[in-house]
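One structure coming up, written as structure tokens, with questions to follow.
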């Protein structure tokens, strides 16, 4: 059960700017893409210092510094020094588990987003994406290798389209757009899982079904906590009077904002559906108890009176002493008569159960369910 | 189960402006209506280029370009070029599943709405309506043929009324008004279905009933996600300081806004009622279990003691050895006495059940329900 | 089940201003009251045209044109012409089912309110009241004869009080005040019904009780949808910078606004109580099942072991073959001993049930309930 | 069940300013306290007219006119005349059941508050407190004698502290503060009642417990409707740009506002707890049904098979005719063997029930509950 | 059950500024830390008067006066006099149980916060932290010794970092940051408890489990009431135009604000999870009842018919009188035939139960649960 975003944090009371490194995060792998409409260079850096030449090379190029892995405090601090990152921002970059947000500093704007991924076994995982937008560069941090930016890198390399002609703000938009759009296939997978769960609830509800609904609500909760502040963050990018983001890019951000709202709608919709499944589950259990009760009652109602009758004729009253003492026992057709009476009684009871609708209900239910399936 | 609006979307990370064509959408069918108070021309265009003559014919006419079908990327792109549509807007037009919204561009305003329809088997379907309002034209896109604008077209042809005297903004209003008003018969149908469901829940609740309530809530959810942003969109049309919409038309929009709020009220009302039905359903199931229990208990309570008595007199104590060993077995009237005693016991038990109210309850319930029906 | 306000509406797509006349509404009955502090005239008009003389008679009088019935399109349209009513407003007047609202036009202000009434069989009905406030006149429309304005008319005739000395805005206030105040007796009736229902739920819950709670919630929902927008409407009257409403009248409106909020409080309170009753109902049903179960269990637990013992001594082991074969059967006091043992066992079981609290619970419950009644 | 605040109201449609006197309210008892830092006079007035001398005595004194009882229309109207009270305000004073609110008039400010009291049998009662703040006087109305202002009067008489040195606005604050602070002991009593109820729910839930929870929620609802608008009212006193309230007093009001929010927190907290108790109650009932079911099932499962075996050996097959016909009946140790087999079967069943955890559950539950108690 | 924050309060109606001392709070223990970038003094004061020299020593030092214990009214009043604290503020300091808030006075700003702690037995306790920020000093009050500021004091002593170089506003920030950050381990502990509870609910639900969920919700409620106003308070510190807080410190406050929102997210998340556990608990109980029912029904359905058959052959019809009277009793293979028939019947019933899925369900459930565990 994943209660919150996976978090790294300093001890309470530690000095602001203390960095706690997650041991499981690999050492930073820094890749630089330096481009404008005409040129395109891609290089993997060995030391953070190498980045300086790209930032100050005089040519009017956009530099994307793409850092995967936060496992080495020295390198992160060095990058922080080079790009003049506020210690608290650096803390947020390293202490993953931040809510999406954006803040403007003197020379750059910080944007925190949250990427979402489906693990192979169908669970949802989120990963923090920290972005630093400057006038000529974009610096991005991820905790682990692997992201959803392959198509963006391809477009950069291919050299087609606006991406190469525009500044780092458009690159920021493209990454943000890819991040948000990646929620759609995840939500569609959720939709499928909900449909599977719905079938399970109706056809074969068991305790594990309830558990699955609960787990799904929990994951939706995590998604919700990721997408709601993302919407606010994009809105801030749209509205804030920042020099770093050009009006044309804002127009594109508006589209990204719409997508964020659509994802939110989907998340809310799934949440309501999951709650609805819970109702159906509870009612299915109640219905099954009802069915069990009916079987018990029918059997009891038919056989208990018959057993009583048999018991009566098993009494040891002496028929020889008095003609009043169970003369039926000595009749020629006593036994067949009694057995016939019992059979008649059983049939009458079965008929009255059928009238009340208890007998046919079993199959009816099944039909009813199948009839409503589409 | 229709979780979200039907959607078409590009792969996450694709370049903005990439159009993904839904193969099931027919090729665009373009109809032009060119009119003012005096003249009226209606023509089906073969190529998008033909539309240019209507836009630039010097006469002061309003041109309605009515496009049904989004199945051909080239034609859609050509229209986009002619009307100078922003690539992202074109994307929204083609990637149906957008929320209702409105945005102003330099030469035109884009309005996205959502038409609602009842399929013949009673399900709700929604379809995206994209509108582009210019100073002298209105361009509308729908994914499939068939809409609710027949009466508007008739009024245009008939030449009566304000429609022919006013500009494209009034035409936009008329289409929007027809779209919103079309929700009313849908909501009325929902009201009828709710009443049918209510009868079913009270008279014959089964698992399929629960399923129907769940499905209805789901459809209401879809309607809700269509009408809430529609209200905001109309409000934006009312309030935004746009040159394209004249004050007189805004007055009419206010009416349209009122209708949107009425639809919202209806949707919320239906949602609350559907939740109420769920409560009644659960309680009906509980009541039925209770009834079954009562039958079981009555039968058991009457026959188990009697069977015990019969069992006692079926014991094989030797009456001949001791006068203390069941002397009743040898009495002349032993058997009738015991049987009478049993009958008396049964009557006493039946009477006490009647006193507690268990016996009469069955019919009472039925009466009670009928009595409360109106 | 009354899902929404009763509504009349045009076909979707009809031209704005199309009037659909409800055939059940009677033909308009127009009554004029023309008054100032000194004079008072009351007349029933045959044609709408007669009203003109009252509006233009030079004297400084207030004219109240009171129209009951909307069954004749020609007369309504003629009134619309005389008072220069916007076609959309006229549509709202005729198409009853509008939410309370207010709009200012050039020469008048339109106020839509909703009157509430208890039908003789205790149901709630609402009726639309449309008011048109001009500088010297007030025009009111109701769909059916019969309203709650008798006391206002009496005060007008009596000539006492502020009503005769003030303008049409004060008359508007008086009618609005009477309308809102009429909600109070209705809500008090609801309070009584809730108390009756509460007694029924505790003393004799049945399916029809649940139905009644559901119906009541439904009616409260209708009331709620009437009073919430009414509050906003009165607030708009208070705040809007209108020439038609004098400051002194606004002071009175503030009182009316307070009353609307009190009604809202009452409606919300009743809604919460009705939900609480549902909980009690569900728990009562569960309790009753529990009681039935206890009876079943007690009877079974006492008699099943006894029956087993009787069954043992009904076995046909041959006592004559072996002394090990049920020698009790041949004892002199075998039967009394066994019967005594059975009685002892039954008493032990009854005692342990009494200890667990199952035996006394029945009466206790009853006492408990009575004890908590006030 | 107290649905709303106790209310008095005029017939709907009555002229504004009509006063409906509650017959149960005693005749007004008017007490005047006239004070400044140096002097202090306290007098009981026979007629309202006597108050005029205190208002106009030239000396710079604060006059507190304290009216208990609203049972005499003439006296109330006379007071209204002397203090120039607006007829609608006078109506609100007499028609108790108003929500807390404040309104500024030309010469005075009206403040409506709601005092809360615990009746000796533990129920909550609220009473309307109407206050009229002028430049040199404070006029207060209560419907019944008895209030929570004893300590304030004592402080006035004692002559210590700010109360004597400050104006009537500080007196208003002191009364308001006493009113709000009086909610704390009431809420603490509610907390105790909730704890008692919690114990009852866990240890001995019965229908009357549910009733008590329901009643408590109802009373909390009443308190909530009293304290929410009180907060808004105090906020208005804080923010409104009134000449009648001095800045220093506003500083104190801020404290009063904080207390109102604390009371609101407590009310909301109690409401959530009461809802939680309902869940525990429902689950307790379900648990008890489960316990009853287990007892029934254990008894049935043990004795029904045994009874069957006894029944088999009670069959009358003729052992003498065939060696296949129940030869056990003629064995020497047949009976002990069968009885031993039965005992073994019973032990096996008991053991398997113990394994499943049904046997020990009873005591476990008890322990579990005690174990969790603190 | 801790309903509200632990509170101390004066009698309602007491004069504002009355201090009610909690007898359990120890006498104030005053520690002074006087520092700037170069010097650092730490001293425990005997009397409040000693503090004056630190405030007025001419050097530009920051003075932190750290008061633990509120048990002596004289000392608290003396401190109030020295620092010119408003009587109402002093009241709030002593009457712990205030909501987090901040207010600006002429010479200082008051900040009320709430520290959270886990007691050794895992319960949550909150303690009020009152802070008074002046231009050169920070005065803090706690009710009891022991807090979470150890690391801050260590940083002060160590002399590293910004803390020594910045003013008292940065010290305030550091304490607030430590307070908020201390919520994180508490919330993580809650997360663990929720996971433990989830396992308990699924594997072994009992009444005490429900109690634990209820208690946890209650504690979360307390946390929620602490953190929501804390967020508003920090926001006020961020936004208010105060001279006492420098822009650089505000930047740090923004980080603190983010943390407060993260804590709020966690609290809300835990609340939703706890509610979800309640659903699972209720459904587990229902499932168990269902299991018990199935066992009962299977046993009854198998043995009741068999017992009936045995009863039939225990009837005493005289086989010698008529060949119609149970001739099976005299057959050679009568008994084995009947027993075989009974066995066949039992097997048929068992098979049909297995088909319906009742027999296997027990183990299936277990597997299902284990299968879903991760």
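Order as written gives the chain letters A, B, C, D and E; numbering starts at 1 within each chain.
Here is the rule we go by: a contact is a pair of C-beta atoms (placed from the backbone, for glycine too) under 8 Å apart; a residue touches a chain by one contact, two chains touch by 3 or more.
What you see is a predicted model; the values in this text were computed from it and never measured.
Trainee: Along the graph of touching chains, what's the shortest path length in steps from subunit B to subunit E?
Mentor: 2
Trainee: Taking each chain's centre as the mean of its CA atoms, how far is subunit A from subunit D in angstrom?
Mentor: Those two chain centres are 41 Å apart.
Trainee: Please compute the C-alpha centroid of subunit C, do the same for subunit D, then give the distance between them in whole Å.
Mentor: Measuring from centre to centre gives 25 Å for this pair.
Trainee: Mind pulling the subunit B residues that touch 2 or more other chains?
Mentor: In subunit B, residues 282, 286, 289, 293, 296, 300, 304, 307, 311, 314-316, 326 touch at least two other chains, as defined above.
Trainee: When you draw the chains as points and link the ones that touch, which shape shows up: line, ring, star, complete, or other?
Mentor: Contact map by chain: ring.
Trainee: Order of chains around the ring, counting from subunit B in the direction of subunit C?
Mentor: B, C, D, E, A
Trainee: Subunit E touches which residues of subunit D in the complex?
Mentor: 148-152, 155, 160-163, 174, 177-178, 181-182, 184-185, 187, 191, 194-195, 198, 202, 251-252, 254-255, 258, 261-262, 265-266, 269-270, 272-273, 276, 279-280, 282-284, 286-287, 289-290, 293-294, 296-297, 300-301, 304-305, 307-308, 311-312, 314-318, 321-322, 324-326, 358, 361, 364-365, 368-369, 371-372
Trainee: What does subunit A use to touch subunit E in their complex?
Mentor: Subunit A residues touching subunit E: 1, 3-4, 7, 9-16, 86, 88, 91-92, 97-99, 101, 103, 206-208, 210-212, 214-215, 217-218, 221, 225, 278, 281-282, 285-286, 288-289, 292-293, 295-296, 299-300, 303-304, 306-307, 310-311, 313-316, 319, 326, 328-336, 338-339.
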